[in-house]
Amino acid sequence: GGGGASQDGSTKVRIALASFSVGHGLSLIARDGGFFERRGLSVEIINAQGAQNAVAAVASGDVQAFVGTPANAFAAASQARFVMPLRAYAGPSVTLTLRVDVAARLGLPANASPEQRLKALDGLTIASISPAISPTLMLRHTSEQAGARINFTYLDQTTYAAALQAKSIDGFIGSSPYAEIAESQGSGLSWLSGPAGDFPGYGSSYMQIGLGITTGYADANPDVTSRMVRSYLDAAEYVRDHPDEAKAVLRKSFPELDGRVWDQVWTSQKAAFTAPVPTAEDLAFTYREYTESGSAKGGDIDLDRMLAPQLVDAARSL
Amino acid sequence: MATPETTIGSTRRTEGLIRLAGVSKAFGDRLVMAGLDLTIGEGEFVCVVGPSGGGKSTLLNMISGLDEATTGVVSFRGRAVSGLNNEVGYITQRDLLLPWRTAANNIRLPLELRGWSRTAMAERVREILAMTGLDHAADSYPYELSGGMRKRVSIGRVLAYSPSVLLMDEPFASLDAQLRLQMHEELLRMWQDSRVTSVVFVTHDLVEAITLADRVVVIAGQPGRVDLELPIEIDRPRRVVDVQSHPRYADYFQRLWSALGHDQPTGGAQ
Amino acid sequence: MATPETTIGSTRRTEGLIRLAGVSKAFGDRLVMAGLDLTIGEGEFVCVVGPSGGGKSTLLNMISGLDEATTGVVSFRGRAVSGLNNEVGYITQRDLLLPWRTAANNIRLPLELRGWSRTAMAERVREILAMTGLDHAADSYPYELSGGMRKRVSIGRVLAYSPSVLLMDEPFASLDAQLRLQMHEELLRMWQDSRVTSVVFVTHDLVEAITLADRVVVIAGQPGRVDLELPIEIDRPRRVVDVQSHPRYADYFQRLWSALGHDQPTGGAQ
Amino acid sequence: MTSTSEMPAEAAEARLSSPQESRRRAGGDGRGALATALIRLAILAGILVVWQVVGDLTTFGRWVSDPLSVAARVGDWARSGLLWEGTRVTLSTTLLGFALGTVVGGLAGVLLGVTRRLGALLEPFILALYSIPKIALAPLFLLWFGIGQLPKIMLAAMLVGFLIFFNVYQGTKTIDGQLIAIVRLMGAGRVAVIRKVALPYLSAWLFAGLKMGLPYALIGAVVGEFMASTAGLGYMVKNASSMFDTDGVFAGLIVLMTISTVLFLLLTAAEKRVLHWAGRGI
Amino acid sequence: MTSTSEMPAEAAEARLSSPQESRRRAGGDGRGALATALIRLAILAGILVVWQVVGDLTTFGRWVSDPLSVAARVGDWARSGLLWEGTRVTLSTTLLGFALGTVVGGLAGVLLGVTRRLGALLEPFILALYSIPKIALAPLFLLWFGIGQLPKIMLAAMLVGFLIFFNVYQGTKTIDGQLIAIVRLMGAGRVAVIRKVALPYLSAWLFAGLKMGLPYALIGAVVGEFMASTAGLGYMVKNASSMFDTDGVFAGLIVLMTISTVLFLLLTAAEKRVLHWAGRGI
């Protein structure tokens, strides 16, 4: 089924976010900037706390779409059919943050290359959320190529800062705004920035965040689907054309964040919101990474169907 | 009914209401009763005496179905007792009151279980409270009652629903002499009115046993068995306070006293 | 000591060991005792009789400190009782055994609390088990004991540590006649050996009261108070079985009987 | 001065000390309650002062916020209406889950306790289910119950239900078998035994279960809101936590604690009325 | 045939039915145990078959895996050694947390039960702490106890400790006050009352607490591993879950349930030995 109709005649849609972070900012801008409304959608954003929950919520039929990475969709393909119609964000959103004293001890010059920085990580204990997620794979991959072995440890994101202070870890790889907050608290230092392209080989073609919809829903509700996609495109244009206003809109979702931290966050992340729609090659690259990670079950994934360029085309034509 | 009639020492008994044949009882490997035979007739009032730990309560437990004979048969109205025997009312040695119910509501319990009407229950509870001298304690919880009062509630609770067969395990041991006489008279009255047809009454008080019983059964020995069955041939209706002046009283007392293994006579038998 | 000497009806009393002066006791707004005065001397054996619910157990509770007088003073050795009175041994009406301990270990409990040596404890427990006729039940748990056996454990447990003052609440009510005589003799022996100096003994059995006591106190009335104090002037040492043939026995019995409000004489007093 | 015997609550306090000692300490009904309230307030004040000092003056402070900041945040929430909305959502989830868990767990406990053979058979299976970390089942909860209030209610009910079940079930094992037998002898069928004996007797165990279960109802509701939600105190705490907003986290926790304390005091008051007979010996 | 009175376990089963009925059903010691085991196996087999069918034949199946795939995964883990390593880590955390929580919670319950006034004062505070969703405190755990085994042990101990505390504390309220008084009169000081009366009496309540606490020890260990770790069954489940690997999730859960069932059966055996006197009336 589709979303019901709300009182004012607009279609009700629920979208689940895998986490509530700046990386998912475009959904929040689309909501708070009124871009969904403008397309006749009444959208409720759900913080699902984890891609598994987000996918399960979609499978339950209570939620019409989720926002996550292609890896989520690949993995979830064994449990529900998904299409990933658009890129809402591109490039690695994550940043490797090191403890200030550890960074000082490594003694690299400020202008050291990413390869040197990666090599210096040898023997350090770095926290990540889980061994199977893309940032971990990327960091492991690139650091091994640079000749460093990292001891990974897996923590909940909310404990990163505490773990830094307790000196239980030497650093963490995390999404915005965790890195910026650690930096602002003086406990962490940004060491390798994903958005700045510090991870060799992982450019803008990697780790898009996209909108995930089941094929069943997309086929049954082409119109609603197009309008959803269109709203995201609208929001992306808004960020491109009115960055300051967009910044203010997104700020509403992070009211407790310190102003200076917020400026940093916005600076590092905003470009991602306006990234172009992925190509088939981009998706293939991501898929290859995913299957090579060893965690993947692969199987019956139809990459063309998953990219669904026709959905984006249909949205553009609205 | 298939039970053969027995006549041993009974004036009113018409048939074997309760029969124990070759009953033995072991708890684990401790044999506490062996080869016990006993028949209690319809309408008979039997008192059971015997040393502490001799198996008197166990006997009542077996008749009521609370406990099961290890060997032998316990039958009731000609049928082997199996499971709880709902036809008997059992006043246990320990007063098993429900601590969350007042005295009046403890007495009310069996009436509730029988689906009596509210007014009938209230009426009956009032009667019983008066009979047991507990009018002023109707609304007290068990923890607010004295030992004797608790015992009276536990007696009244069973008398309230007038079961046709009564098993009573030292019911009056903790009552004062006056109350005791009163209860004796009440009990005999109920029995003579045939509201209660048969009674099996355990006591340590030989005077009480002789006063009340048609027949006194002595259970003694290790393991316990029936040592003596003594018919009490004192006319009914008896006036409780007169029994001790009856010419045969001293003889009865003496015979029970020695059956219990006591060597010297004592005052009660003078 | 400030307590004035009293001489009322005592042969051995030297001073007021326990004194209750103007004691009343209310539970909530129910007054169960009022204006009660009673003195019990060092070395005295006092029996307390009275109707069920009359306040006898409450009296012992107040002497032991388990309960507190609402008004008036309860003093022990000249000092007001406040908190538990460790100098008395109290055999309560309800047998408060520890269900997780065997008979032997229940008896052992007070000895453990007193830090006796293992061997001394084992020796004493054996003695007490023999005295109470429980040798064969030493390793039984309370739930495996008969009512009278439980009671005996609870008596033995207190006798085991020979407290100098004994409070006993209907201790022998559920024992058979033989055991009862045995326990009477044992108790009197302990008392005459001065292992137990004073005893306050609650009973419903007037024969027992006259047999044991220096003085019998009748507590009666609503609210309860001391109605009669009857010194028993029968020579010591008494042979328990002889007391009922003593010339004064019938008179004592009769006076107690009527003090308790009974209208007719009964066999025990013939 | 009235006696302790008419004051179950005070009497209960006296249980392990001598009756007289405790009566003296308790000081009388009204005064005792007032004194207790005052001492509790003093303890609370002490905790708050220490917290404020730690929060202000130590490096550890930033991890635990401090009472003034927390109070300010709660004030903000109250003004913006977030507080009431969050409380409404979480409280209703908690109470519904608590009620559901209590009924199902309690009934199961009594029934399996009564048909003990069945209980013995099923006990290991129930325990196995009980020992699953419920968060691992979050996707299944979402799948079955969607993302509304239902999955949170079910989670709360599950947490509560197991606790109530085990308490009540264990309680049935301590019922005096002779008491039951004697009531059956008086004519009680199985249902009557449950109604007239088991349930009243088990109230002491049930209250233990309720007291233990109540906070878990709240925890269930909150953890459920952690999983996927758009409202509720759990949602607020989680959001604050993902923003490293310690003031917000602790403000949420304080509100949660307040709710559970209020519910708990209600429960305790009910217990005092119902259980006055307990601990007096059967 | 021996009597029920010598078979506490069977006698307990008979509690609410007539002694004779249950004796007949129980059928005798050895045969009864065998029958119970067989019926349990049958129930287990039934569950597995239903699960396999649901897993194979329904669309819902992919969310719950199926027994054969789970068995295969457990087999893989066993061969690779992952299973033993994970079990070792989680089990040791569980047992240490369980022991710590039992000791601390039990002692606190007894002590606050005994000094009841203190108990009454502190009860609301303890409850307030208890009602915090512990996951919200993850950063504090990490800060205090690092990222090793310690924070998981502490989390397990906290979960267990509160349950044990409330059970034991509630139990103290049901102790027969007269029994205590009489033992004090015999010369027992407060410590002796605790050792000789309170502790043995409370064993029924303690066992309820232990049974309820045991699975929470496991849950605490696992949730702790969810929060932060590189090893253990919780880590394996979490990891599988983040890869949408349902076989792995359910394999982990099955191993967890097996562990808790084994521990539970040990506990039940201990209970039967210790509590033979319970439910016979005091």
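In this document, chain identifiers A, B, C, D and E correspond to the written order of the chains, with residue numbering beginning at 1 in each.
Rule of thumb we're sticking to: a residue touches a chain if its C-beta (ideal position, glycine included) is under 8 Å from a C-beta of that chain, and two chains touch if they have at least 3 such contacts.
Which chain is which protein? Per UniProt: B, C = ABC transporter ATP-binding protein; D, E = ABC transporter permease.
Computed from a predicted model, the values in this text were never measured in an experiment.
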If every step must land on a chain the current one touches, say how few steps get you from chain A to chain C.
-> 2
Busiest interface, judged by C-beta pairs in contact, is D-E
Cα centroid separation between chain C and chain D (ABC transporter permease), in whole Å?
-> 47
Centroid distance [mean C-alpha coordinates] between chain B and chain A, Å = 84
Starting from the mean Cα coordinates of chain D (ABC transporter permease) and chain E (ABC transporter permease), work out the distance between those two points in Å.
-> 18
Residues in chain E (ABC transporter permease) with touches to at least two other chains are numbered 5, 18-19, 63, 139-140, 143, 176, 178-179, 181, 184, 226, 238, 241, 278, 280-282
Which residues belonging to chain B are in contact with no fewer than two other chains?
-> 27, 65-66, 84, 94, 96, 144
Among the residues of chain A, which are close enough to touch at least two other chains?
-> 50, 52, 55-56, 59, 158, 161-162, 165
Sort out for me which residues of chain D (ABC transporter permease) touch chain E (ABC transporter permease) in the complex.
-> 11-19, 22, 25-26, 36, 39-40, 43-44, 47, 60, 63-64, 113-117, 120-125, 127-136, 139-140, 143, 162-163, 166-167, 170-181, 184, 190, 193, 198, 204-205, 207-208, 211-212, 214-215, 218-219, 222-223, 226, 234, 237, 241, 249, 252-253, 256-257, 260-261, 264-265, 268, 275, 278-282
Chain D (ABC transporter permease)-facing residues of chain A, complex | 14, 16, 19-21, 44-50, 52-57, 59-63, 157-158, 161-162, 165, 177-178, 181, 185, 254, 256-257
Which of the residues in chain B come into contact with chain D (ABC transporter permease) in the complex?
-> 64-66, 84-86, 88-90, 92, 94, 96-101, 109-110, 112-114, 141-144, 157-158, 161
In the complex formed with chain B, which residues of chain C make contact?
-> 27, 49-54, 56-58, 93-94, 133, 137, 144-149, 152, 169-170, 173-181, 204-207, 241, 243-245, 249, 257, 260-262, 264, 266-268, 270
Which of the residues in chain D (ABC transporter permease) end up touching chain A in this complex?
-> 59, 62-63, 138-140, 142-148, 226-230, 235, 238-245, 247-248
